[in-house]
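The next block holds one structure in the form of structure tokens; read it before the comments.
By letter and in written order, the chains are A, B, C, D, E and F; residue numbering begins at 1 in each of them.
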Amino acid sequence: MSHLLPDGAVHLAAVDAHRLAQWLGGGPRTVIVPAGALEQHGPHLPLGTDGLLSGRIAAAVAERVGALVAPTFTFGYKSQQKSGGGDHLTGTTSLDAQTLIALTRDVVGSLLRQGVRHVVVLNGHYENYQFLYEGIDLALRDGGVTADDDRCVLLLSYWDYVSAESLEAVYGDDFPGWDVEHGGVLETSLMLHLEPGSVWLDRAQEHPPARLPRFDRLPVVADRTPPSGCLSAPTGSSAEHGRLLFEQVVRDLAADLVAELG
Amino acid sequence: MSHLLPDGAVHLAAVDAHRLAQWLGGGPRTVIVPAGALEQHGPHLPLGTDGLLSGRIAAAVAERVGALVAPTFTFGYKSQQKSGGGDHLTGTTSLDAQTLIALTRDVVGSLLRQGVRHVVVLNGHYENYQFLYEGIDLALRDGGVTADDDRCVLLLSYWDYVSAESLEAVYGDDFPGWDVEHGGVLETSLMLHLEPGSVWLDRAQEHPPARLPRFDRLPVVADRTPPSGCLSAPTGSSAEHGRLLFEQVVRDLAADLVAELG
Amino acid sequence: MSHLLPDGAVHLAAVDAHRLAQWLGGGPRTVIVPAGALEQHGPHLPLGTDGLLSGRIAAAVAERVGALVAPTFTFGYKSQQKSGGGDHLTGTTSLDAQTLIALTRDVVGSLLRQGVRHVVVLNGHYENYQFLYEGIDLALRDGGVTADDDRCVLLLSYWDYVSAESLEAVYGDDFPGWDVEHGGVLETSLMLHLEPGSVWLDRAQEHPPARLPRFDRLPVVADRTPPSGCLSAPTGSSAEHGRLLFEQVVRDLAADLVAELG
Amino acid sequence: MSHLLPDGAVHLAAVDAHRLAQWLGGGPRTVIVPAGALEQHGPHLPLGTDGLLSGRIAAAVAERVGALVAPTFTFGYKSQQKSGGGDHLTGTTSLDAQTLIALTRDVVGSLLRQGVRHVVVLNGHYENYQFLYEGIDLALRDGGVTADDDRCVLLLSYWDYVSAESLEAVYGDDFPGWDVEHGGVLETSLMLHLEPGSVWLDRAQEHPPARLPRFDRLPVVADRTPPSGCLSAPTGSSAEHGRLLFEQVVRDLAADLVAELG
Amino acid sequence: MSHLLPDGAVHLAAVDAHRLAQWLGGGPRTVIVPAGALEQHGPHLPLGTDGLLSGRIAAAVAERVGALVAPTFTFGYKSQQKSGGGDHLTGTTSLDAQTLIALTRDVVGSLLRQGVRHVVVLNGHYENYQFLYEGIDLALRDGGVTADDDRCVLLLSYWDYVSAESLEAVYGDDFPGWDVEHGGVLETSLMLHLEPGSVWLDRAQEHPPARLPRFDRLPVVADRTPPSGCLSAPTGSSAEHGRLLFEQVVRDLAADLVAELG
Amino acid sequence: MSHLLPDGAVHLAAVDAHRLAQWLGGGPRTVIVPAGALEQHGPHLPLGTDGLLSGRIAAAVAERVGALVAPTFTFGYKSQQKSGGGDHLTGTTSLDAQTLIALTRDVVGSLLRQGVRHVVVLNGHYENYQFLYEGIDLALRDGGVTADDDRCVLLLSYWDYVSAESLEAVYGDDFPGWDVEHGGVLETSLMLHLEPGSVWLDRAQEHPPARLPRFDRLPVVADRTPPSGCLSAPTGSSAEHGRLLFEQVVRDLAADLVAELG
């Protein structure tokens, strides 16, 4: 069916409106909305890491399932110390909750009104999740989309698709937990696979995983974040690990979408 | 110093304004704000479970550390299927994100303006966390409270203080994960310890832990939630487990507050 | 019909979701939402007075008419000098208008969506009224509830049900007006009847009713509020007066609900 | 000092910016903001009655005290059945709470930033009061205006300045209460004095004062409002009564402003 | 049909509710909403110029087409340096975007709900346009008014109806562009025609049109605005030019409304 | 100084946080924020045209002046019929005003807080302008940035930098006006120069410029928009024209920034 779209098109922004209308009219369609952030990721990864990864995974999944990918939400919710080092760090450029909720509400709502059957919001920034959820919920309420509607929205974070096998292959027994996987082995390996020119491993800093309290404290006590800004070091990252993670996540996520959405 | 307050007073609502003012003037003070929800918890637990548990834990901690407890946030953010069964279930009476954010912002901001040195927001409803966080962040921004201020706010969920030892004592090797601990052994045991008259174990339904997808789907596919509304069964709950959990959490949380806040 | 609910249950928070669903399915039902505040009430009454009184009246009315009572709104709109002494006083912990409006909108809207036929918002804090009204109006608009619907919401302040006979019995000819009844004879007597352990009459201060200008001035001129924080003294309060007021208000309000709602 | 302004100027909208700047620079200045509504007032009074009356009273007071009058808020909060007949009636064109709050906040805030020392919000529509109050409170918070500032804002409804003597002169012993003074003797008399060409007494309907419940019910039961839309009949209105009321209110209000603001 | 209304009535505020209801029931009706601002217009024009002009044009058009005119929006969006000199100038009393949007949304929405078929928002303050547009769009969304509805809203700025012939007659070849027509020949001439008593030509300042950058800079560099506050001088203004402009605009706008709305 | 950044880096998202901090510490810095839309642009241009063009112009200007470019705002305000064909057209995925205002406020505010001295918002979607302006104004208010601050924000639309010479070179005497330059010669030529693979000239439709009324009508009368969705045809577009326009605009805009910001 993709002959309805420009050759190789996977990004909504790269499609013209006329072919999009035809494509939407040709059957139930899915659009994936990647969500990232502009957030410090240590000295070895670029600020745009989260949006870049969610966008690349979304594109690969879209190719497999015949979906289109909306422009990435390149700004995200505030970085929290226990998952991203904290919002006080230079480079981290964040949205208030209401802004991210509104952005999600508007974009999801508009896609559904245009006739998109399934919207998949694919999150790549830990702190975003609940605000994306609220935006989706409000968009469905606005549109009167209830349980007996054939339209739906899925929300997920890509790391929830990393399998136990992949974890073991990458970390052995040393997986530190998703909470401190900020600028660590997962993100660094994926970037080495997908955007090696934007990784500066020689600038990475070695340090043990951050040990943060069980509570969040605000204002942040800055020196609880390691000087690198990462919550765990990228030691052991490799493009090969990245390839393995990427391919497994894309495969399983695509399969899940097919199973769920047909 | 507690002689400044009415005998045995631990709840802000039960103190008069004049003695409160004296108490606040007598040194750096802490107020704990419990947050819950009005949410279905299966056929064997009352709708107010989350607020009741966070309120009771807050009161016990407050007694230990000489703090006061604000009125509980008895309404919370929308129940999500993967952590609470879903917001479509009767009895679940929820707030939009902006409402909970605003409530938190106003209450935390007002307490700090009155001279409370430390506010501790003690969460008992999984879905609340990020919105409480945003409310706190906005209150601090409103008040111009920055890192060099001696005032601060802590945010935590009480289950993050359940120790590995307690987990093992209660679940053995069968801990199903916090995500499906909704109406399960933890909450039921705590309720049996704290409010046995509001637990109807004979009405509990036996079933395996819910197996939910890795994504959230909206609108919710209702029959993915077990008919009980619980995500795991309360089988194995006991008042004794509840006592053990309660005492350990209260002890460790109180110790943490003392260590952090002095 | 109350056999559908746990024995003696009058509070929504103390009911389980399954029995609530049965109860709602068994006929047109009423839920009462009490609204109070956390507000200074002089040296002899606790901060939670307003919510405590509206909650107790709601419970007694609910028992008579077979309704349930939702959790009390324990925070209210800003205390105004002419009706509550002013929002600058320690202990007074208030909400912005938009917060109280949103809270009311969400809770009323959710109750109606769950199948509650009649919601009664029972106010106990003078300053709340208009914001509760707006929240109700928006909830009805959201839900498309128009005049031909069989669902409705009532809003009232409990003192509007104090009869002329009660007034005379309590005050003789010296009723100072509802506007300065803040921490005065009405509230103190009710508290002496309902919560005598939370009244410290020995701490009460004697003074004439406050004489405030016909305008509101902001920022408040603090010394226009009597040092007690009360706008009239509680002299002459008694548990017996409280009992009389309580029983008369509960009786008349219950009768009014039955007459209006069936 | 009024030589700084155009001859006879009392309305801010009729002054040029350069002379306004001079006037503001010449000493502490007061601006009065009248607030009304576009609301049905029965068959004998125009929709703009509330704004017209508050605007005329403001102008007369301003002349006496050397103030300027801002453009009237010609739209107000929703008409409520117990004070205005209800918002469902044709002609009544109302604002949501947040809109009126925002309007007040912006205008009051801007006037204070321009150097106005005292702002007086003069209300002529019963339902507006609390929302005007909130708008003022937020404007002061925005501007960091606290108790030790020499700037302040007064808020009042003009009928609170009607004296007992005036009441008796106009109503004898039959004053029905301000609550049902909607389209009744007060407003009609004032209009006969101030805008006789906009009163159509021959169209007035005779009926006893409305007897409304002690609660507000929403949605409104329409036939509780008298067919005229008035809550009491204008029988007995006269231009002479209007003159008496107008002059007394203007005199006392002006005196109060002078006493309060210097 | 105008016999349904009070003699000569053209302003909604001057009509009573009963006759308005009859008029609305008598066929498809149009209400015009003029929008202005309270904004400095140099030393020779009053602050209310924009609302006064849009109101007067609206009234003249309404007379021709049998419409009514709602109360003018007398406050508008912030003055921008390139079109109004800047919001920092004394006298300029502006609304935040959200306030103007909300005001428009509420008023347009209410008029449509009352049965007005066509609403025409007639703008007289350059900076308002996009916010009026958004308010209209939201009102239509609220009301579920879609393309197949017979209700509609028009939005326009009156200067878009100045014809090429009028421009040439007034300016010859020296039309400086609408962007700098702030306090210039157009507005001054219209005021001389419509409100000569509120024009003080002897106070006007002569200067060439302002030369402002192609960008907006915030905060404003104040001395880029001419000391007069006008962006072009009123030199060459006359009541005769004003008459010509007024009559041509009213004629063409009325014709356009008839052609579009029937 | 650009040696502080990764080689050739011009995009903020491609820089790591540590080098960004150094760069910001090394002198007064400028960040450019491009703003676009996801909007139909006829059958021959992709939906992302506006963001793509503003992003490419921003990057070229940034290279010349040593600035960085923030991630593009890829969603914009609603397409209006007179400038973009209308928001009802498939593919057009727009934001409400408040969303775009909030996005701008958050991003501009965060950049200033991080130490960016000058922010330049470079607009490429006609309808965005006023909402970007409001977002900037609110960010400055939040941050207390007043006229005597050395920080500032510039806002501009790139077409305001097209010179008269360029216009003549591209259009001869047939420039139809910026208002109908949607999917026309300007945008198409720029795209042919910058992204030839995303232009499908063979799919372009020939038609005269749209003749739209002087008013906006909502809901939109759909068939007033040409079937192509463009307001003028791209006939006469060429990569050469695009190169000329691009280079002239980039040159003049860069020169303007240097002149204004140093």
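Going forward, a contact is a pair of C-beta atoms (placed from the backbone, for glycine too) under 8 Å apart; a residue touches a chain by one contact, two chains touch by 3 or more.
Note that the structure is predicted; figures quoted are calculated from it, not measured.
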What chains, if any, are shared contacts of subunit B and subunit D? C
Relative to subunit B, largest Cα-centroid distance belongs to chain E
Compute the centre of every chain as the mean of its C-alpha atoms, then state which one is farthest from the centre of subunit A. D
Larger contact count among D-E and A-B belongs to D-E
Cα superposition of subunit A onto subunit C: how big is the rotation, rounded to the nearest 5°? 120
What whole-Å value do you get for the distance between subunit A and subunit B if each is reduced to the mean of its CA atoms? 29
Just curious, how far off is subunit F from subunit A if you go by their C-alpha centres, in Å? 26
Provide the C-alpha centroid distance between subunit C and subunit E, rounded to the nearest whole angstrom. 47
Would you please write down the residue numbers of subunit D that are in contact with two or more other chains? 96, 98
Please classify the inter-chain touch graph. Allowed labels: line, ring, star, complete, other. ring
Chain order, ring traversed from subunit D with subunit E following: D, E, F, A, B, C
Touching subunit E in the complex: which residues of subunit F? 77-78, 80, 87-88, 96-98, 101, 120, 127, 129-131, 133-134, 136-138, 140, 145-147, 149, 152-156, 160-161, 213-222, 256, 260
Please give the residue numbers of subunit E that touch subunit D in the complex, ascending. 6, 11-21, 24, 38, 40-48, 51-52, 70-72, 74-75, 89-96, 98-99, 102-103, 105-107, 110-111, 114-115, 198, 200, 203, 229
